[in-house]
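Order of writing sets the labels: A, B, C and D. Residues in every chain begin at 1.
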Amino acid sequence: MAGFDKVVSSYAEAMAGLTDNMTIIAGGFGLCGIPEGLIKQIKNMQTKGLTIVSNNCGVDDFGLGILLEDKQVKKMVSSYVGENALFEQQLLNGELEVELTPQGTLAEKMRAAGAGIPAFYTATGYGTPVGEGKEVKEFNGRPYILEESIMGDFAIVKAYKADRFGNCIYRHTAQNFNPMAATAGKITVVEVEEIVEPGELDPSQIHTPGIYVDRVIQGSFEKRIERKVLAK
Amino acid sequence: MAGFDKVVSSYAEAMAGLTDNMTIIAGGFGLCGIPEGLIKQIKNMQTKGLTIVSNNCGVDDFGLGILLEDKQVKKMVSSYVGENALFEQQLLNGELEVELTPQGTLAEKMRAAGAGIPAFYTATGYGTPVGEGKEVKEFNGRPYILEESIMGDFAIVKAYKADRFGNCIYRHTAQNFNPMAATAGKITVVEVEEIVEPGELDPSQIHTPGIYVDRVIQGSFEKRIERKVLAK
Amino acid sequence: MALSREQIAMRVAQEFQDGDYINLGIGIPTLAANYVPADIEVMLQSENGLLGMGPNPTEDELDADMINAGKETVTAITGASIFNSAESFAMIRGGHVDFTVLGAFEVDVFGNIASWMIPNKLIKGMGGAMDLVAGAKNIIVTMTHADKKGNSKLLPKCTLPLTGVNCITRIITDLAVLEVKNQAFYLKERAPGVSVEEIREKTAGELVVEGEIPEMSFA
Amino acid sequence: MALSREQIAMRVAQEFQDGDYINLGIGIPTLAANYVPADIEVMLQSENGLLGMGPNPTEDELDADMINAGKETVTAITGASIFNSAESFAMIRGGHVDFTVLGAFEVDVFGNIASWMIPNKLIKGMGGAMDLVAGAKNIIVTMTHADKKGNSKLLPKCTLPLTGVNCITRIITDLAVLEVKNQAFYLKERAPGVSVEEIREKTAGELVVEGEIPEMSFA
């Protein structure tokens, strides 16, 4: 009887089942709140042809950027990319495809996927390259475009604390895309700073209820700061 | 300089601006987590022709049910109604209109309104009376219906704790529709059990950020239990 | 002999698997929580916003802010989570709830279900039922096989306004366990002492009987 | 004389009203936070999920989990709230943010804005800019009136791929404050010492000058 114990003890178990050409939804904003160990595991697995849905693609030697080194990524769905040289090079060489998606639309596409909503209307991107080829409909005299949800074979998530049932909380702005990503994976894996006992997290304060989570792994994090700016 | 101090000191101030034929979005599920004092204030104001969007309509002498006594309600948009005799009578007399809406669709309509999403697709209600006359579109071979968001002139919300900035938390299952309702009012009024100092609520644990809230009032609550069932 | 309400609930509980998230409707479905096999764990979702619903409270535990979707006072188990209604139905609509068990007035061979409205009677509303049948991965309908007048509730086509279409795959009645597929009801099990003939007689939609039909077991 | 970046930011800050929720883009808009009038309070929204953004941290306060939309380390003020990206853009898309201030490459007389993409240069993406211009109640564009070669950025029609359509109503440049309406730029204020003629010369789209145009005041 495993019941609801979702804790796995190795990164290999955490990402078991990931194969070439899968789609991965990843939490994180810049280098903040990223599942560092799960990303390293994907690199170790050398899985190829991946589509990665993530607001950004890390930097040259950290975060999702390390998956570029061995050309594991076929396509990025992101709102802002190119913080690293390798990304730029692979994009210009045509080795990497990018689908630029407005940040709010990206967050909502993940949420919608998890919530069983296949598509929604938004004004964001209407009349711009983002709206091209998309269905347009007017509501109260304003035009909106239809955006479809986006689901992953895997979702990789970074949480602050989680219990073995998969209930998660996030810390400060490391929350970002993580809660939506957690809902949008056929298999959702959470890498966590601290595993706590069930009951330690206040039920009304849980950001991600365990029902969305399939696997929990205790991580260890470098938590690199992308732009350290101090008070003058 | 009022800044972000949203606390008002009277129910009259709290509901100032409410006029006949307006639409009110109300939080609460059954009698749980309802803004008792704001509802009484609406009764005192004798505003007529109201459209009320709320999962339920209270009971005969409590909650939204008290607005039926003087026929203040023109229309209810709800998922489940008729827990009181007056409701039934007014419905059969044609004095009251009801738009039955599936519970999840109702919650999502409120959220969508607050989030600037005018419409979304859902499988809920397809092929049923709820889907009649609504746009149908297939995604991945499954038919979905288009549901439009629903915005209120006012939203009335019941919170557990709030600070003067309007940041709110809810307690246990008294959360229910309240966070969505809070986002869906042109004017959002929160009646709260306890007003706390800014900073007392952990920023990462706030259910409703103050940006959605226009007015906060210290309430006093009976918290009536609709179906008291004890362990055997 | 036809099953009692408790026996239907017991048979329903046999469907549950370790680790299942389950939403139980009012009535017989709720009773199934009492018969979860001892060697598995399941977690109950209540659509007003509670995952990990526990039993009703003692007088000491009673709290007006802790209710279930039936508006009854309840408790939360250790490790429960509580959330808003949009999140709750995101779980349901998004297919994260493994099982929904609910009652019905009628089910037909297309897997359509009618459970919320009888025209010309006062209509109270569908609550969360339409979301549940549209969203759950597995739905079990529990009901009596026929109404009090003996009219079958398993029909070639539902006559009442629908709750959902093409969504019901499994039915547990006081007489039988049936699967819905290929526009027919497939008989899988009989209530102890109930004959295939009696089930056939009380099933208005096409009934398929393949091989020997075992009796339900309540060991 | 043309305004400095700091002076543009000072003029922008004069637009703010007590109780405004404001999202400031990277660059000149961010500077505006330094010039909020002493007699009002505003609250800064950072679209990665922070309402109530404070100043950058001291070395002691530094926390990798506290960043703003520019990925810079920041702090949160007392009474701040922190939330996920879907909630953050619900605020933005839903019109709850009172003011958005952002830079642009071009604005035209239709209120269209181009700010994220220059074809044949590497494209980094729009981040949250498209959501911000689609959602905010009031948008102020800050930019130099013309590029380094002297080409006007206030055009009859944008030439670059758009960020949003019919959304810009107010522009604050190093030379002027302008309103966008009736398919024209309406001159409202001049930078101190800058003539209407110079502004007209550097405004490619139709410029409307009604009456005496006052100089900006930085009292």
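Keep in mind that, in the parts below, a contact is a pair of C-beta atoms (placed from the backbone, for glycine too) under 8 Å apart; a residue touches a chain by one contact, two chains touch by 3 or more.
Since we're looking at a predicted model, the values are computed, not measured.
Separation of chain C from chain D in touch steps, taking the shortest path, is 2. When the partners of chain A are compared with those of chain C, the chains appearing in both lists are B. Chain pair with the larger contact count among B-D and B-C is B-C, by C-beta pairs in contact.
Separation between the centroids of chain B and chain D, computed from CA atoms only, is 35 Å. For the pair chain A and chain D, the distance between C-alpha centroids works out to 29 Å.
For the pair chain A and chain B, the distance between C-alpha centroids works out to 32 Å. Residue positions of chain A with contacts to 2 or more other chains are 108, 111, 115-117, 122-123, 170-172, 175, 203-204, 207. For chain D, the set of residues that touch two or more other chains comprises 76, 82-83, 86, 89, 92-93, 134-135. Here the touching chains pair up as A-B, A-C, A-D, B-C, B-D.
Chain B contributes residues 29-33, 55, 78-82, 88, 91-92, 98, 100, 102-108, 110-111, 122-130, 170-180, 207, 223-232 to its touches with chain C in the complex. Considering their complex, residues 1-4, 111, 113-117, 163, 165, 167, 183, 198-199, 203-204, 206, 209-212 of chain B touch chain D.
Listing the residues of chain C that touch chain B in their complex gives 46-50, 55-59, 61-68, 70-74, 76, 82-86, 88-89, 92-93, 112, 117, 122-131, 134-135, 161-166. Only residues 108, 112, 115-123, 137, 139-140, 142, 144, 148, 169-172, 175, 203-205 of chain B touch chain A when the two sit together in their complex. Within the complex formed with chain A, the residues of chain C that make contact are 18-19, 21, 39-41, 43, 45, 51-52, 76, 78-83, 86-87, 89-97, 134-135.
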